[in-house]
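Residue numbering begins at 1 within each chain, and the chains themselves are lettered A, B, C and D in the order written.
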């Protein structure tokens, strides 16, 4: 497969020249929003020469709800229930970052137990999210067995969430000031059982997916991200690590209990779709190890919430902060500005998909075969709701 | 590509032999987790309708609706939350903030309908199958969205406080007050409960804003005695404060005091409203206690000329002569009274009605008369020998101390009674250096006195002997000492469910000698200034009377209020009586008042 | 069973389209579904429809996330005759996954109109009922039934896969009883729906009815 | 770090340097020198990662504050560069040649705040919204609730009482403070 990027270097961000559609030589094809080969509700406007893509434009906004506006008219406690909706498959990172930003600006220190429960919650979320993603990746190449396995198994992880937080999808567990409850009885045992099962499942997935001749043939060499693209394109997370760049916020600027957990940053060699997928598989395994460590080390009792003011009229002093965390897709950040009132002045949510799905996708798509677009899209691991918010 | 790559996909078949885990009947076989956030449950009996759930709901999913069954309950707004499941996101914030912990969630989650207008229900009122669900989300132990504990009031230590009549409570500082003010949920149940209906949430809000002048203005809308009430109010408001259901109620009284403490007396004139232009009407008021002065203040605000007749040499009535200065320093009472006089209320001291001025002449010379002479006569213990020279009245001792006279109580005293006067008399005696024993008929928990006062009284070293019934005073001729015989009592439950009754146990009698005995078992009114005919015409019964809607009486022009005209007999009720009488008089001065009343009755 | 309101003389204007495109698209109005004259045949048809509910694979909002577990082994919706279809032409059920932003609403309408009748709409979550979380958002509609007829609402945020199964069974029951007439409501009140749609979709550059 | 800030102060006249958190420093720079400053930070100081760029509407001061958040992976340090632009003349120099994703941000800001970025690719295309006919929605003066009520409407049948008002009417209609 040849790479016809049309770009001379990583620093050449020029938009492709418009082609003469009237000539009849080219076809314009919309992939999405109603299309099974697209992640979430977004669309790609593809211009084809034969079955080769010569131009790709990402269209987003189908899920735009105006969160940043809505948050400006809700109080600090009310916002915590809103933020989890920003990234549907991974709500917890939003809850954590929002709470963390609020705590930082209001000077609240959360207790030790809350720190560990938050860490565990985030890692469970990462596990659930990766399980779903692995399924998506396999499905994008026409192999529907693995999605059935992993998505079904994700449901068991959601069961853990349901027990721990009271909800399957929108947990609303990490609240400014701590978490909402401790662990229920017997949770630890059930969690360990599910981790064991997940480990077994990942072995099976590795065998049937990553050793699959078809998957290998189609994903290797697809959508290579070169190391010199990382900074100009703002590529983060597994997409960046897969080409050997060792960047992981959990290690670089440890938050929560990550400095007390034992793990190594995983990197790959050349960031093509296969490498990225394999790296995520390894990270999923790492996730399981982290959850086990959390179960070992998390304090069993003690307070899980800091002393809070009355949240009904909670004012936070004027300030500004940017907090970030390593989500499954890389750097997820909340930028928050307060002005001393009961409402937040400005929140900006920085989702890694913002650049992965638009600038990076548009560049990587060019030159590829139309059939590989779904795989390429999934291999970048993008969630549209966090792009448009 | 290797052979392995070709073969390994076939390993998918290994799963074909695993046990399937399909849920056969999903909704039945998989109920929500024990702490699942499902549909709402409201224990409507415990709910007080404070509306915090409505305030915190970011989706405007909760409406407060009137529920007939709970209308008019004490400490209850009569409203209950109604949920819109076209809005609710099951975040559970309403459960977390619920002051009464009446709101919960069940683990039920299935509601399917083809009618989009049907997704409303009033939890606990509308019949829903999940109302009695045991499982579901509850607020976790130790998780609060509002601090449950109040800020401790800084106080003098017991040793320190005994040394002088200096005020025991020291008052919040700004930080403490703001923290305490923060705990208010602004439901307004306190407003409904406060006899004077003070705008509590609003003035607490003004503390949070740091705008104390506005706070003072708000308080003067309904109460011209904020400095006094900020110290000694009986605070019915706090007893219904929903924050107090699970934690401690907001310290409304101390916050009121804080506002007054922040504003200097000389700024009052600038901050507070001035009376409107003179109307030319004249109103006479009998008694410069809280009731009389409150009426005077609001009548003066309406532009009427007000003259207050007071038998004593200073104003304040029971507030000055019945409340010791370690609870209410004179300066604070003066702060309130001085503002009332500063707007043009005239107080004639040392003018006793019936002696210096005749009641009838007031009726003649004024457009309206407001009587608020209170309860000034100590009640009798109704035991043998109580006329002993060393049996003193609690009121008298308090009045003596307030007027800087030595009551001469001696070194060892017994106080009889369990009300605030008894506590005050005991604490005053401690300050005068006496050893004090309090004898009370019932249990300590039955004492009508303020809980805090009982506690402080004990802190200061008074011994409380509960279930002690005085039987007789012996040793009638001893001019120096007095001997009392009292018997232990047994509490007998009332079969009708009323208050338990103490029954004297004849075999357990004690006698003890004291330097004096202070009787403080209640007061009654002194109506000597009214002729028998007038008393009858005004329908006094046992020295008390019940006024009509606007504090008016069966006699034209005459309005009453204060302790002898209400059941609660506390300062804040007297203040409201005065305020309400002012409203009534204001209307009465409009000639259609009685005609309108008659119409209303017909 | 259904009122027949079709008037073939009456055509649509398609004024949102350019002259060139107007040549490409039909301007006929939608037609109401008419049941078979023999009741037994209609009942049989309804039974068949109820047991082959093919859902259009269009995740319009958050609700889509619970549709995926629905298809896996644990909930196994396939046993109820439910399957996901990639194209509207093959689908009979449109699951509105929660909120609909104005931009998506346009695509939803287009996809819905392309579906073959009889067709059914299930609205998931609170947002289609009364705006839900986004009741004050400038970009999401609050009452979905103003724009397309909805046959069944499943409340929750998100509704769990279990209740989706229950909803599907409820829908089957209704279809078998011949009570799901949303698509015909759309035809009968076509002008009302269109005017509502055009009230919120400001750049109407598609045919008035998408075949 | 200190040296760098001092140098920037000298060369670019940056102001309001505030250390916000452990690894976050913010400062203001004039609109004209912003692009050169960002280029300098990217090429010479190692602030190679553009976390995001956004805007804060200070309607009371009549300014938009553009925020560029840059991260240095080696020093593990983040800089928040604030640029004030007038709300009346809401144009800013485009930085789409510096980072590949910058034009997307600029397109979003164009749509959400109405800020113009001359030269930025596809900047006037719709981003999230489609057929938007109001003032840019993220501006403070745009009232989203009012707009939603007017355009989308809410389901009828809702009615609520405020506990305080309700009790006043029901329990003590003639008493209490007079409403002002």
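Definition applied: a residue touches a chain if its C-beta (ideal position, glycine included) is under 8 Å from a C-beta of that chain, and two chains touch if they have at least 3 such contacts.
Predicted model only: the values in this text are computed from it and were never measured.
S.K.: Using mean Cα positions as chain centres, tell me which chain lies farthest from subunit B.
M.R.: Farthest from subunit B by mean C-alpha position: C.
S.K.: If I rank B-D and A-B by number of C-beta contact pairs, which comes first?
M.R.: Most contacts of the two pairs: A-B.
S.K.: Indicate the whole-number Å distance between the mean C-alpha point of subunit B and the mean C-alpha point of subunit D.
M.R.: Subunit B and subunit D have C-alpha centres separated by 49 Å.
S.K.: Could you please state the distance in Å, as a whole number, between where the Cα atoms of subunit A are centred and where those of subunit B are centred?
M.R.: Going by mean C-alpha positions, subunit A sits 55 Å from subunit B.
S.K.: Using mean CA coordinates as chain centres, what's the gap between subunit C and subunit D in Å?
M.R.: Inter-chain centre distance comes to 38 Å.
S.K.: If you average the Cα atoms of subunit B and of subunit C to get two centres, how far apart are those centres in Å?
M.R.: 60
S.K.: Could you check subunit B for residues that touch two or more other chains and list them?
M.R.: Those would be 21, 32, 58, 84, 86, 89-90, 116, 186.
S.K.: Touching two or more other chains, which residues of subunit A qualify?
M.R.: 61, 64, 66, 69-70, 73, 81-82, 152, 170
S.K.: For subunit D, jot down the residues that touch at least 2 other chains.
M.R.: 128-130, 137, 142, 144-145, 155
S.K.: State the interface residues of subunit C toward subunit A in the complex, per the touch definition above.
M.R.: Spelled out, the residues of subunit C in touch with subunit A are 56-62, 64-66, 68-69, 71-74, 84, 86, 88, 99, 101, 103-104, 107, 111, 133-134, 136-140, 157-158, 160-161.
S.K.: Which stretch or stretches of subunit A touch subunit D in the complex?
M.R.: 13, 15, 60-61, 64, 66, 68-70, 72-73, 104, 231-234, 236, 247, 252-253, 319-322, 324, 331, 333, 335, 337, 345-346, 348, 350, 354-355, 358-360, 363, 388
S.K.: Using the touch definition from the top, list the residues of subunit A that touch subunit B in their complex.
M.R.: 74-75, 77-79, 81-82, 143, 145, 149, 152, 159, 162-163, 165-167, 170, 172, 178, 180-182, 184, 204, 207-208, 211-214, 216-217, 303-305, 307-313
S.K.: Quick check: in the complex, which residue numbers of subunit A touch subunit C?
M.R.: 33-36, 40-41, 61-66, 69-70, 73, 81-82, 85, 88-89, 132, 135, 147-148, 151-152, 154-155, 158, 168-170, 385
S.K.: Under the definition above, what is the set of subunit B residues touching subunit D in their complex?
M.R.: 49-51, 54, 62-66, 71-72, 77-79, 82, 84, 86, 116-117, 120, 186-189, 191-192, 196-199, 201, 218, 221-222, 576, 579-580, 583
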